[in-house]
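Structure incoming, see below.
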Amino acid sequence: MPFVNIKVTPDGLTPEKKAALIAGVTELLRVELNKNPETTVVIIDEVETDNWGIGGKTVTQRRAGG
Amino acid sequence: MPFVNIKVTPDGLTPEKKAALIAGVTELLRVELNKNPETTVVIIDEVETDNWGIGGKTVTQRRAGG
Amino acid sequence: MPFVNIKVTPDGLTPEKKAALIAGVTELLRVELNKNPETTVVIIDEVETDNWGIGGKTVTQRRAGG
Amino acid sequence: MPFVNIKVTPDGLTPEKKAALIAGVTELLRVELNKNPETTVVIIDEVETDNWGIGGKTVTQRRAGG
Amino acid sequence: MPFVNIKVTPDGLTPEKKAALIAGVTELLRVELNKNPETTVVIIDEVETDNWGIGGKTVTQRRAGG
Amino acid sequence: MPFVNIKVTPDGLTPEKKAALIAGVTELLRVELNKNPETTVVIIDEVETDNWGIGGKTVTQRRAGG
């Protein structure tokens, strides 16, 4: 029954990688907390680098060396 | 003053359906909790089936019988 | 399969009211979008009035006439 | 180490405005709470007017005078 | 730089289990997406069973056989 | 009409500091994006250090030098 939300930038995030993340976090919750995988929900949000900030700058600015 | 976030897959989610969801959940909060509709905020997030997982698989995989 | 998050202040939010919100929003998604109620997940967050702001003031300040 | 999520409609939200929001909120957290800017994370979600409701109507409806 | 939010009911969620979840999901993102663990942020929300609904009922109701 | 969610650890987060954060971020959105302060909503979530992870460890572990 857990709910997991993963926010990442979209670079390299293929359907296969998304499926691997979903399978992996569902398995982690089964192993660590004995949660039933059937009701574990995972949602992945893809966040563009213009919309993600760390250290007071956007990721776009940081990658440009800004 | 409540805030509601609804996450659904985008299939069949027309502007009219979105408006109906927003009207309906706002009314529900008025009826059940006497919340003023004027300040109830609702945000709908459309999540692609590749990005939604349940039971350790993406919805894309599940719909494909994977 | 929808996921709904409702944020409200805790005043008057009894277990019965919470159950009514969960039943109501699940039914709304069934009626409007034909979503299977069995996999609709609803999470209610109770937010204290000190932690909720609107119009640049906390709800605590607004209720005090501040 | 704070995490901030800002949801706004996309009109007028240029990369420069996004960068200004991220810089501004990171600075606010430094000034008010002495938080280290290096680990403050800000994510901006752009929400279409069809998907945002207030007062029981979508923003699209409200802007149309509906 | 990923951000992960995990929502679970609090039963059995010891500090050690929380640490294991955080370590596990951070490692998963390193392995699958080559994300730098130093900037992966994970936040765990503990949601009471009265506040969690699935299938139109609260988890409290479901555990009571309601 | 923007919605802002701020997640911070609770240390030093007095009602006055919360009010200052809410006023500051509302003003930032007015100045940068010309958003009407009356409909800007801000919610602050206080996250315990056991529930916050960065670099694969909880903040509790990091503060203990773990």
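Residue numbering begins at 1 within each chain, and the chains themselves are lettered A, B, C, D, E and F in the order written.
We take it that a contact is a pair of C-beta atoms (placed from the backbone, for glycine too) under 8 Å apart; a residue touches a chain by one contact, two chains touch by 3 or more.
Keep in mind that what you see is a predicted model, and the values were worked out from it rather than measured.
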Steps needed, at fewest, to go from subunit C to subunit D via touching chains: 2
Intersection of the contact lists for subunit B and subunit F: C, D
In this assembly, which chains make contact with subunit A and also with subunit F? B, C, D, E
Farthest chain from subunit D, going by mean C-alpha coordinates, please. E
Equivalent interface positions on subunit C and subunit E, same or different at half: different
Comparing A-E against C-F, which pair counts more contacting C-beta pairs? A-E
Would you mind reporting the rotation angle for the C-alpha fit of subunit E onto subunit F, rounded to the nearest 5 degrees? 120
How many angstrom between the C-alpha centroids of subunit E and subunit D? 25
What is the distance in Å between the mean C-alpha positions of subunit B and subunit D? 20
Can you list the residues of subunit E that touch 2 or more other chains? 1, 3, 7, 21, 39, 41, 43, 45, 52, 54
Pairs of chains satisfying the touch condition: A-B, A-C, A-D, A-E, B-C, B-D, B-F, C-E, C-F, D-E, D-F, E-F
Contacting residues of subunit C [partner subunit B, same complex]: 1-9, 12-13, 17, 20-21, 24-25, 28-29, 32-35, 39, 52, 54, 59
Contact footprint of subunit A on subunit D as seen in their complex: 15, 18-19, 21-23, 26-27, 37-46
Okay, in this complex, where on subunit B does subunit F touch? 1, 3, 41, 43
Quick one: in the complex, what on subunit A touches subunit D? 7, 45, 47, 50-58, 60-61
